[in-house]
Amino acid sequence: MRTQWLDETIVYDGVQLRAHWALARTGLVGDVLVGFRGPCRVADAEIADLADVDGPGIAGDDMVHFVWEAFDHADLLLAVHRQRLLAAQARELLAELAPRATVQRDGDDLWVGDGKLSISIATVSPVSALVHFAVNATPGGAPVRTATLQELGVEPIAFGRALLARIAGEQQSIADARAKVRPKGEWR
Amino acid sequence: MRTQWLDETIVYDGVQLRAHWALARTGLVGDVLVGFRGPCRVADAEIADLADVDGPGIAGDDMVHFVWEAFDHADLLLAVHRQRLLAAQARELLAELAPRATVQRDGDDLWVGDGKLSISIATVSPVSALVHFAVNATPGGAPVRTATLQELGVEPIAFGRALLARIAGEQQSIADARAKVRPKGEWR
Amino acid sequence: MRTQWLDETIVYDGVQLRAHWALARTGLVGDVLVGFRGPCRVADAEIADLADVDGPGIAGDDMVHFVWEAFDHADLLLAVHRQRLLAAQARELLAELAPRATVQRDGDDLWVGDGKLSISIATVSPVSALVHFAVNATPGGAPVRTATLQELGVEPIAFGRALLARIAGEQQSIADARAKVRPKGEWR
Amino acid sequence: MRTQWLDETIVYDGVQLRAHWALARTGLVGDVLVGFRGPCRVADAEIADLADVDGPGIAGDDMVHFVWEAFDHADLLLAVHRQRLLAAQARELLAELAPRATVQRDGDDLWVGDGKLSISIATVSPVSALVHFAVNATPGGAPVRTATLQELGVEPIAFGRALLARIAGEQQSIADARAKVRPKGEWR
Amino acid sequence: MRTQWLDETIVYDGVQLRAHWALARTGLVGDVLVGFRGPCRVADAEIADLADVDGPGIAGDDMVHFVWEAFDHADLLLAVHRQRLLAAQARELLAELAPRATVQRDGDDLWVGDGKLSISIATVSPVSALVHFAVNATPGGAPVRTATLQELGVEPIAFGRALLARIAGEQQSIADARAKVRPKGEWR
Amino acid sequence: MRTQWLDETIVYDGVQLRAHWALARTGLVGDVLVGFRGPCRVADAEIADLADVDGPGIAGDDMVHFVWEAFDHADLLLAVHRQRLLAAQARELLAELAPRATVQRDGDDLWVGDGKLSISIATVSPVSALVHFAVNATPGGAPVRTATLQELGVEPIAFGRALLARIAGEQQSIADARAKVRPKGEWR
């Protein structure tokens, strides 16, 4: 898997979570994780989570976004595990960058007290698995009470670049672990 | 998936990470995660991680063990993701139980400073995926510098029971997430 | 897998065999099998079986319907096996409820003499496997010669509820069987 | 899948349910279902079902055996579905051959009253899925109360040959069904 | 898998590479490979290869086409391997039919010097894997420099029929190989 | 996937085609293809192809060997496709290195006239897929009539290194192709 931080501001409206968007944007062929900063205004037709379809909307004025498209092992169950691990990694990174704050993970969501720090979804296209994860950078524009990286004193782009590296690193480590283990037999 | 805390002391020597050990021990049929407390002395022939085969041994006098056997989706890649998520969950739980301590996760390992808090492996049998994760409860018996729950001020059995519940809860939440998401199409 | 009998009359027109219909109708998240009674008038665009596309239509004034959506193991080959087993279970149940009648199973169809008792299809959505199975409750509305539960003296709703329980029971028994079996080796 | 009835008497001791036994016996390469008649005395080491390991033994003096080895889609969950469908087909065939008898199916077992008519197991080898199903032909040798084809007035070899044909026929029909169905979309 | 040569001229415009086209055309149910001769003018909306979307177009006045639809093991990674092997087989056949020519394979493309002899794509539908492979029969109509069977002195229909047979033969041989091999264990 | 040419002479006796041999030999973690030169004397217990078990033995005094272990997509059907494609690539390479010779591929075997140039097998371990392919470098030691690279005027080590590069290149190209293709819909 390859990663790329995109320096330009991109409005995330949900079409970025479609097959081959990352390829078109970056030219990187294969499993790719891209990060960028920009507002979030998910169009109704692009909402993937049925729990959100009749909700207050998915929006924010300034977020750090991650879009992951995997063609290899494009299975939804695995994708949700990857998404959860990504959220856990984000929390771990924040524990290092903002050691005094208390960030909680609840499934694919991060919280600071009762402020929602992140949004996320994992889904599939006919040819790939897709994960979106985004963290509020600065306040404003969200339909719910939020927390932000600004409140945590975390610089958004440094956070974004660091998380890209961590996720790629752990995926490599997972692949390596799989290739170094002996199988086990029957207990009796 | 079902969980069970076993109150008896069990010496973990590696045969517990074989197919159907948990079934034989608990009578629970299907995906199961069991926890127990006891020493760890992994027999050479039971070492699954090739990185450990010529190492100092895998041992500890008093650990909290988790043995997870999954028959459903018994895939090694998924099992390693589950193992990593389990380690992340253990860290998250410790951050709540011992908020002043700094526990770091490095792949499937937890560390407190340069003290190794945990050991873990994920592998497969011909009919299942298997994960072992164990945390040092009190010092002694390990061939490497360790950290322990005792140093963190965390009660081992409470920790064990709480982690069982958390893992089962997140697995259910992952299954639910998969069933509530709409697919996405082609970008262009 | 969970089951639910829906007491209201529902016209089955084929949109019920789409992803997440059962979730929207019942609120049950995950693998679900729902049963209900109502007419059947499958819209042309909703016909899944290519063998039916240019046929006389799929219709009936009063049927007992079963809609099964599985997110776990959403494979079409497995779904057709499940569908066939469902049809076999329906036949077995009818042999108990109407012991003097002779119901024959031919693939996914049940017959009483030359009267077609049931219709069925198994297919997939991008996120799930889908099975529809329906049995004529009372005569009328079908473009072919039919048999009905009424002729067999079988009460439709009792049949529907009993079949739901049987299918869920066998799926559980299948999952259990998988978790209790030792693998075998090479013959020579 | 190909089928073959073996005319010679073969003692089923469990090694027949190993990878490539059917190939060695018949020369048929690929998915194969063989039938034969003979005693059954499963060696302890060959017992696959853990529920039977400490049981009264698996034996019978005269049974009609079916051994199915599938290399294509050698998945245990599918294999158990195939096994169940095979049992259902056996029951359907007996309903035709012995219309006055009442044969009940309970999972992978057939019963006539409280007499057990059949035994069965589905498992995997490292390269295939394996199913054994056997029906008592004449009484004797079993550690439990049995029923037999003789009591049902069913000729064992005719039954065996007919069941081979039926299973192969339905597997073909399942494969065909998979290739004739259109996918479905999202409900909303 | 079954094969069929279609004697009529068919314009390949890309809709032939959709689910169930081959079934509708031939009536053959299941995995099928069809061959035919005709012009090629792929409509923009039917272009599957993103590398071609903004390219000069995919066209030719007279080509030998192969359309392969597989419902069994409908996996894209496997489909690309099958496509590559098909291209290699085409090259091998041409080496026999035109021993003096030098045909090179580069991935899924065949070349004679700097003349492109073939086009190809492998993709998936929701229910199947699909491969198109086509070789220029006579010159004309292509947006790039081409080579043709005519230049090689190869009769198009004989080539087409021979390649159908070879591909089906090798698929059978692959299936047989899988069913005749013993697994291997751990090195140490 | 990574490749490595091993300069030392290694006797291939079949244990090299076991899980993690390449890891132990090279230290390369993950999918790996290694090449080396050495005699071949496959021990009976290591013969994987059942067609060879009662044959004349698998041996040669001087061969160029390739051992491929894949942990990713460790499926036997795919492994056989990869093996066939490897054989086709070997033939293509030989057509370039020895343009005057006529090397034929028959499944996984290469022939020069009635001389067998190569041997090959594809199989699985519990954690990986394994392929062995070997080409006779110089004559001697084989139980059948052989052809050799020497007769073709091909330098063995240059051939070995070139084939390693080609196989890795095509695997990358296959992975890329999978990530650049749009799915297709229903024909009608």
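As written, the chain order gives the labels A, B, C, D, E and F, with residue 1 at the start of each chain.
The working rule: a residue touches a chain if its C-beta (ideal position, glycine included) is under 8 Å from a C-beta of that chain, and two chains touch if they have at least 3 such contacts.
Please read these numbers as outputs of a predicted model, since none were measured by experiment.
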Any chain that touches chain E and chain B: A, C, D, F
Number of steps on the shortest touching-chain route linking chain A and chain C: 1
Pair exhibiting more inter-chain C-beta contacts, D-E or A-B: A-B
Farthest chain (mean CA position) relative to chain C: F
Interface numbering overlap (same over half, different under half) for chain C and chain E: different
Distance-maximising chain from chain D - centres being C-alpha averages: A
Length of the line joining the C-alpha centres of chain C and chain D, rounded to whole Å: 25
Rounded Å distance between chain A and chain E, as computed from the means of their C-alpha atoms: 39
Contacts with two or more other chains, residues of chain B listed in rising order: 19-20, 23-24, 50, 71-72, 76-77, 123-127, 175, 178, 180-183, 186, 188
Chain C to chain D touching residues, read off their complex: 15, 17-21, 24, 46-51, 73, 76-78, 80-82, 84-85, 88-89, 91-92, 95, 99, 102, 104-105, 107-108, 121-126, 130, 170, 173-175, 177-178, 180-188
In the complex, chain B residues that touch chain D: 20, 23-24, 71-72, 126-127, 182-183
Touching residues (chain side chain D, partner chain B) in the complex: 50, 76-77, 123-124, 126, 186
Interface residues, chain F side, partner chain A - complex: 19-20, 23, 29-31, 71-72, 125-128, 175-176, 178-183
